[in-house]
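What follows is a pair of complexes built around subunit A, which joins subunit B in one and subunit C in the other.
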Partner chain A sequence: MDRKDRIRAFIQQSFKDYAIRDDEDIFSVGFVNSLFAMQLVRFIEGEFQITVENEDLDIDNFRTIDFISRLVERKTAAVVS
Partner chain B sequence: MSLSLTKQHEALQSEARAFAREHLAPDAERWEAQQSLPGSVVEKLREHGYLGAIVPAEHGGRGMDLLAYGLLTEELGAASSSARSLLTVHDMVAYVLVKWGTAAQKQRWLGALASGARLGAFALSEPAVGSDASGVKSTARLEDGHYVLNGVKKWITFGEIADLILVFAQNDGKLSAFLVERGTPGLTTVPIRGMLGTRASMMAEVKLEECRIPKDHLVGGVGFGLSAVATTGLELGRYSIAWGSVGIGQGCVQASLRYAMERTQYGTQLRKHQLIQELITEMVTNVSAARLLCAQAGERIQAGDRHAMFSVMMAKYFSSRIAARAAADAVQLHGANGCSDAYPVARHLRDAKLMEIIEGSSQMQQMAIAKLAYQSIDVD
Partner chain C sequence: MLTETIGVVGAGVMGCGLSQTLAQTGHRVVLVDKSDGVLEKAKQEIRAGVRTAALLGKRKDLDPERILGAIELTTDRERLSEVGFLVENVTEDWEIKKEVYEAIDRICPPRCVFAVNTSCISITKVGAVTRRPSQVIGMHFMNPVPLKATVEVIRGFHTSEETIATARSFLAGMGKQAIVVNDFPGFVSNRVLMPMVNEAAMLVQDGVAPAEDIDRLFKQCFGHKMGPLETADLIGLDTILKSIVVLHESFGDSKYRPCPLLVKMVDAGLLGRKSGRGFYTYATEVR
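On to the complex of A and B.
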């Protein structure tokens, strides 16, 4: 599975009967809460071996599957460099 | 899973047990009556490196792993739930700063929290806000490079003496977290007395009246107060409460075994009476099961496992419930003696009840666990 597939698979767990699009605002659909946000951070850190830090806490980094994927790409590139 | 302790874990457990038996157990009842923890006890916790023990060594802490921290918490909790609760709230603040603090915030405060030179407290609850944390009414407005805080926080453990308080407030309708230092104009604390349990945990109301703090006291970004900061702090808080509950349960086991060996009725030691054996069995088995759940939660947090929250909630829920049951049974086993302060079990019963309420009540845990079960468990 590529990066976006893995992110999608995780997020879809919280949207059992709803197929979330990659560009859809996951917080506006109404299935997620503050617990989900922490689970998402944990998932990103564990799955992609990166650390989500204070400066990453911008809601736009987590708003859609596309944005999350871009955050992971940026953080992964930073780790490699 | 089994509780696999390394030699280091065993050494810490022995150290913590000896500390608790020497410095906490003998006077725990007196502190409850006085409704305060002496400064000398705080100093001893500091000297032994127990405050801020989970802070990584690079920031001046002991860098304890989560299992070690749990074992420490259990031993302290078995002797004095009030003393244990200082570690809980202090370390919640330290844990939040380790994860979400800026470099400047870590530089400024983490070392002092790691050494215990400054004490932390976690101020989320309000007179009208408990389980529904998102409903916080305290406010923070940005003005001339400062945040100005207004509101009242309630049931703040060690709020009476904390030096650094993590306060949650709405900034333009976005729940955010702020560090407020004691001595800041506009911050006052008022002790709360007459609590059911952990009476020496120096709870307070924290009042904020046009309390101005520098802008860089914001932790974790505007709007991330609940989703990032509070949930991180509460994860450690629940973990600590879970182990603290195991401590209460273990305290009840020790007291009950001792009493059942010493006391005779109808010419026989209590321990030989079958219904007493039933009480002992329930206590011992439940405490052992709770300890394993706690260890699993620690392992998952340590590994960054995405199911860590699920484990922590189960551990907190189960451990606090069985601690309350164990304490009730321990009082029952002790009879009239169990209702007097000459034995610790009455105190354990009062303390155990609070564990079912704080850091997310049992009912909140039940709703969250059920929801997480659908996400975490494969039914196919």
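On to the complex of A and C.
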């Protein structure tokens, strides 16, 4: 599974049969509230072995699968370099 | 804002949220619990809480280590000997609370106000086991504490006006508003919420509708932010059960009899969000 698939698989658990799009605001569909954002942070930290620093702790970074994927990409690149 | 150090007894979910909120609003806190294990978990809980506050509140300035620096975590109750205001958050069990109040009444300065963080224990009864019943007041904080702006404040039979004023300024100092009600079983919020949740569980039990549809009716028809069963999962089904049992015992009225399905779920370890499953199943967290 690529990065986006792994993120989508985690999010999808809370969305039942609703197929979430990669550019869709996950908080606007009504299945999860803002508290889910922290679960997401902990998930990506564990799944991708990264630490989300204070400067990236902004709910806007977690609104869509695309945004989350971009953040993970940036963080993993930072670890490698 | 109170400039004195604040005592917080009980480092569970509420005690952690409370200590975090106090530290974030510039207070010094002494957080006491019985075991080092609980305190170690509390540290992690507070760190995660500060991160959540940063995440949701766009507060990048909030640094978990700095916030933890304002909180002294200890198993030594004697460290409460100089606190000016104390909030107690131990388990909602009368014998446990009674023992705590008898002890802190001896340890804390005579001027110290005791706020009982409870959703169901009689404030008047707590006051009676201390030598300062006029300085005992109820504070029913909602979870998660850092995100909830209002607190149900309960005036016990002997609670003085001065104590109510102190409690109001204490809450204002942590950015919260008080709604003061009188002491009576379940106060206002639980007396309405618990039978409602209990009845919603009966609907599931009787096969009238699935949990999702029950909740959607309340959200979409009445504009509630969360339905009764989502709320139950958030609070914890064990806590719900305890509360409804207390109401049942207090009023002796069968309208508060606990729903058998709720009892069965608690027995099965389905406690809601905290156990990963309740009326809903939650995304598995990586720890």
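Everything below uses one rule, namely that the second predicted complex is superposed on the first by the 79 of 81 C-alpha atoms of A that agree within 3 Å, B and C clash if a C-alpha of one lies under 4 Å from a C-alpha of the other, contacts with A are read in each partner's own complex, and residues count from 1 in each chain.
By definition in this document, a contact is a pair of C-beta atoms (placed from the backbone, for glycine too) under 8 Å apart; a residue touches a chain by one contact, two chains touch by 3 or more.
Quick caveat: nothing in here was measured; it's all calculated off a predicted structure.
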Q | Which of subunit B and subunit C A:29 touches, first, second, both or neither | A | neither
Q: Applying the touch criterion given at the start, work out whether A:77 contacts subunit B, subunit C, both or neither, answering first, second, both or neither.
A: neither
Q: Identify the overlap between the subunit B-contacting and the subunit C-contacting residues of subunit A.
A: 10, 13-14, 34-35, 37-39, 41-43, 45-47, 54-55, 57-59
Q) If you look only at subunit A, which of its residues touch subunit B in the complex? A) 10, 13-14, 16, 34-35, 37-39, 41-43, 45-47, 53-55, 57-59
**Q.** subunit A-touching residues of subunit B, taken from the complex the two chains share
**A.** 100-102, 133-134, 219-221, 223-224, 226-228, 230-232, 235, 303-306, 308-309, 368, 372, 374-375
**Q.** Residues of subunit C touching subunit A in the complex
**A.** 48, 51-52, 54-56, 58, 60, 62-63, 144, 226, 281-287
Q. Tell me, which parts of subunit A touch subunit C in their complex?
A. 10-11, 13-14, 33-39, 41-43, 45-47, 54-55, 57-59, 62
